[in-house]
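Per-chain numbering from 1; labels A, B and C assigned in written order.
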Amino acid sequence: MHRLASAAIPMAMHGAPCGEPLGPRTREPCSTAATRTSGRGRGVGLKLLGVKKGFAGLPALEEITLELAPAAFVAVVGPSGCGKTTLLRMAGGLEQPEAGRVVIGEPARVSFCFQEARLLPWRTALDNVALPLELGGIGRGERRERARAALERVQLGDRVDARPAALSGGMRMRVALARALVTEPSLLLLDEPFGALDEVTRQELDDELLELWQVSGMTALLVTHSIAEAVYLAEEVVVLSRGPGRVVMRREISLPVRGPDARSTRSFQEHVVVLQKALAAGAGRRG
Amino acid sequence: MRRLAGALGPPMAVVGAVLLGWQLGVWSLRPPPYLVPGPVDITRAFLSDAPRLLAAMGRTGLAAAAGFGLAALAGSALGSLLAASRFLQRGVYPLASLLQMVPLVALAPLLVIWFGYGGRATVASACIVALFPVLASTLDGLRSVDPGLKEMFALYRARRAARFWKLGLPSAAPSIFTGLRVAAGLSVIGAVVGEFVSGFGGEHAPLGIVILAALRESRTDLVFAAVGLSAVVGFLLFGVVSSLAWLALRNWHPSAL
Amino acid sequence: MTSIRLLLVLGSVPFFALSVRAGEPDRVRIQLDWVPEPEFGGIYAAQARGEFRKENLEVEVLKGSAGVATPQLVANGQVEFGIVAAEQLLAVRERGGALVAVYAVFQKNPLSLMVHAENPAHTLEEVWRGKGPVAVEPGQAFVRFLSTRYGGTPRLVPYQGALATFEADPTLAQQCYASAEPVELERRGQKVKVFPVADSGFDPYNGVVAVNGRYLAEHGDLVHRFVLALRRGWQAYLAEPTAFDPGIAALNPAMSREAMDLAAVKQQPFIESDFTRRHGLGTMDPKRWAELGRQLKDLGALKDEPDAAKVFTNP
């Protein structure tokens, strides 16, 4: 519920505490060393045990087991149709597995971020972000205040009264992110949230997401097409084969540094190459 | 203000050109007045009887507005009800569409028997004609809510009432306004037809009776004047709906941006 | 070919032409302003007896209804003949429709107001100044006349030709033909009191057969033949209406045969008058037209008094 004490925020290489603004749009990157605020923060564990799903008689996912520790960040990659979206939706309770079960730790406050922003076009950004609180019965004053704070956290504090039509695609996604975070979720599920945006905006939003995760300590499960994004954000990447999907590879991601500089490190490139090979192999094989 | 002028300018120019052409045609071809009066004759007919005609227009306008208002409320309420139940939709919707098909002139005498002479039968007539477009557009709008948004509301465990007022109705608003625009014009037709069988005569005559009397007396110029005034009523109602639509949709809907 | 044969052939052409013309009857239409009822008895009788055919005419009778715009139809040439009310004829003449009256069925106007027998009114004036609503066709000239004459206007409601609304409301007064609706109602057991509007001093010709002025100028002979046949038809109908009523009843299921027989008798005093006995059924008096013109001008229904001589003819 409350922000973490600044002592928990790890120091960056340049000596300034990471997360502090260096300029209008850049923030000090945070290193992976002592990144995880284990034991602190609000994340809960997520277990997908032997979950399986089919549609219209055809299997989409074979038995998948996936475990996320509290405050973990895991990414799932795979070719189109491998069932990764279905996996995410089962994790969030939008779909029921045919076999196996889903276990979420307490308190289970789950938020979703979809590929489309899914904003109500007739509401301002503020009222959109406040929506989950409104539907949960929170009073007007409090919910607007919390929504404002959430929008500030995604750098949209000056656009609270704008309607979605007046915002760019990237800004709309940020509003969606703010809305997902306004309820202070313990588990954040993301389904290719930045897939429709251009590369620059995508990287900016990845940075913001990374930082929000680090500061809040929530557990995050990200489904993405982009291996680079998966390596950039997650501590562990799971590769699924072509549909019906099964796990082809699980790889822990350790990088010398987290943040924009990470992309140019050799470690980063190596992770990407290995994962790409696994992805290609899994995509080539018939299920 | 400039925007208003920009919106009104072109249609007024077209209307002006039509009227000019019409009057020139009348001057050169000289058709008998009982057959085709010119705009000048029609204006003269209006001016020489303006108080009576304006009073008639007021009566018809009030009846049409009342019928329209009732149709707007009932149509949107019924549409919302049908949207909530597949069963009701299948049972009631086909019957409601019958409302459109029954010719009003056949129904109107029945309305007199049920509601009596004067305003009530006229309002009922206007309401019947205007109801279905509102009902259909409401139902359609509510059924066309973005499934992604619906899923989101389900995720937040929104209650039924919240889903209707916060998602369904705003989402359906553009469609409902379209239905209301259509209903506005139809309500005037319904009012005039209702007046044919139930309107008072003499000094308390609404436009429908003015039209019938003028037809019988071969006062075609007066017929056109009265018909023109009923069109004005239609425009006014339509304008009110359009203004409300603009107010409601202006910040977010492509049609009003 | 020899010249004699040529002469014979050439000579026979006019003969053939004449015989073709004489053989083929003139086709005309007459538009009624109401549904078939005894008020049009003479027309149906003339048809049944072949009077029109005797004058080399083939007449198509077009049924009317409430609101049929007969004066305009005749003025515009959609039909050759039409039944109109005298005041309608003068009105459309002033508006550029050149109609001319050629025959007047009703010498006394049968238009009346009827009330339920229990209604306390005893005179036309009491009906007009009473509290109950009065159902009239919008645009009827007598409304203005009665309002001016008796000072005041009752609550007017539209009359569309149905008897059901009258039967349902005991306070209602309704426009009718003295010889038609009351008869049907009494047959159904509903007693009524009938007050002819003509008694108030407003007595225009009714059931007037009108033609377009241009048509009259071009086909004067045809019109003359039509009127002759029509007159004979009316004579036959007045003499023995029961012979022709079955034919009319077949065309109008809303009125029973018995009612038609009673109506035919009841309408006789409206059709025959001293004037017709002197000059023939259907003939018209210029003084009546002049008086109507004056009354309508006083009421503001006409801008100017028309020239009575131009308005009608007794062909």
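Rule of thumb we're sticking to: a residue touches a chain if its C-beta (ideal position, glycine included) is under 8 Å from a C-beta of that chain, and two chains touch if they have at least 3 such contacts.
Just so it is clear, the model here is predicted, and its values are computed rather than measured.
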Chains in simultaneous contact with chain A and chain C: B
Most widely separated chain from chain C, with each centre as the mean of CA atoms: A
Per-chain CA centroid nearest to the all-protein CA mean: B
Which of A-B and B-C has more C-beta contact pairs: B-C
Chain centre separation in whole Å, for chain C relative to chain A (CA means): 90
Cα-centroid distance, chain B relative to chain C, in whole angstrom: 40
For chain A paired with chain B, centre-to-centre distance based on mean C-alpha positions, whole Å: 52
Contact set on chain C toward chain B in their complex: 67, 69, 71-72, 75-76, 88, 91-92, 95-97, 133, 136-141, 143, 147, 153, 155-158, 160, 162, 164-165, 168, 301
Chain B to chain A touching residues, read off their complex: 146, 148-149, 151-153, 155-158, 162, 166-167, 170, 173, 251-254, 257
Complex interface listing, chain B residues touching chain C: 31-35, 109, 112-113, 117-118, 196-205, 209-210, 212-220
Interface residues, chain A side, partner chain B - complex: 92, 94, 112, 114, 116, 118, 120-122, 131-132, 134-136, 163-165
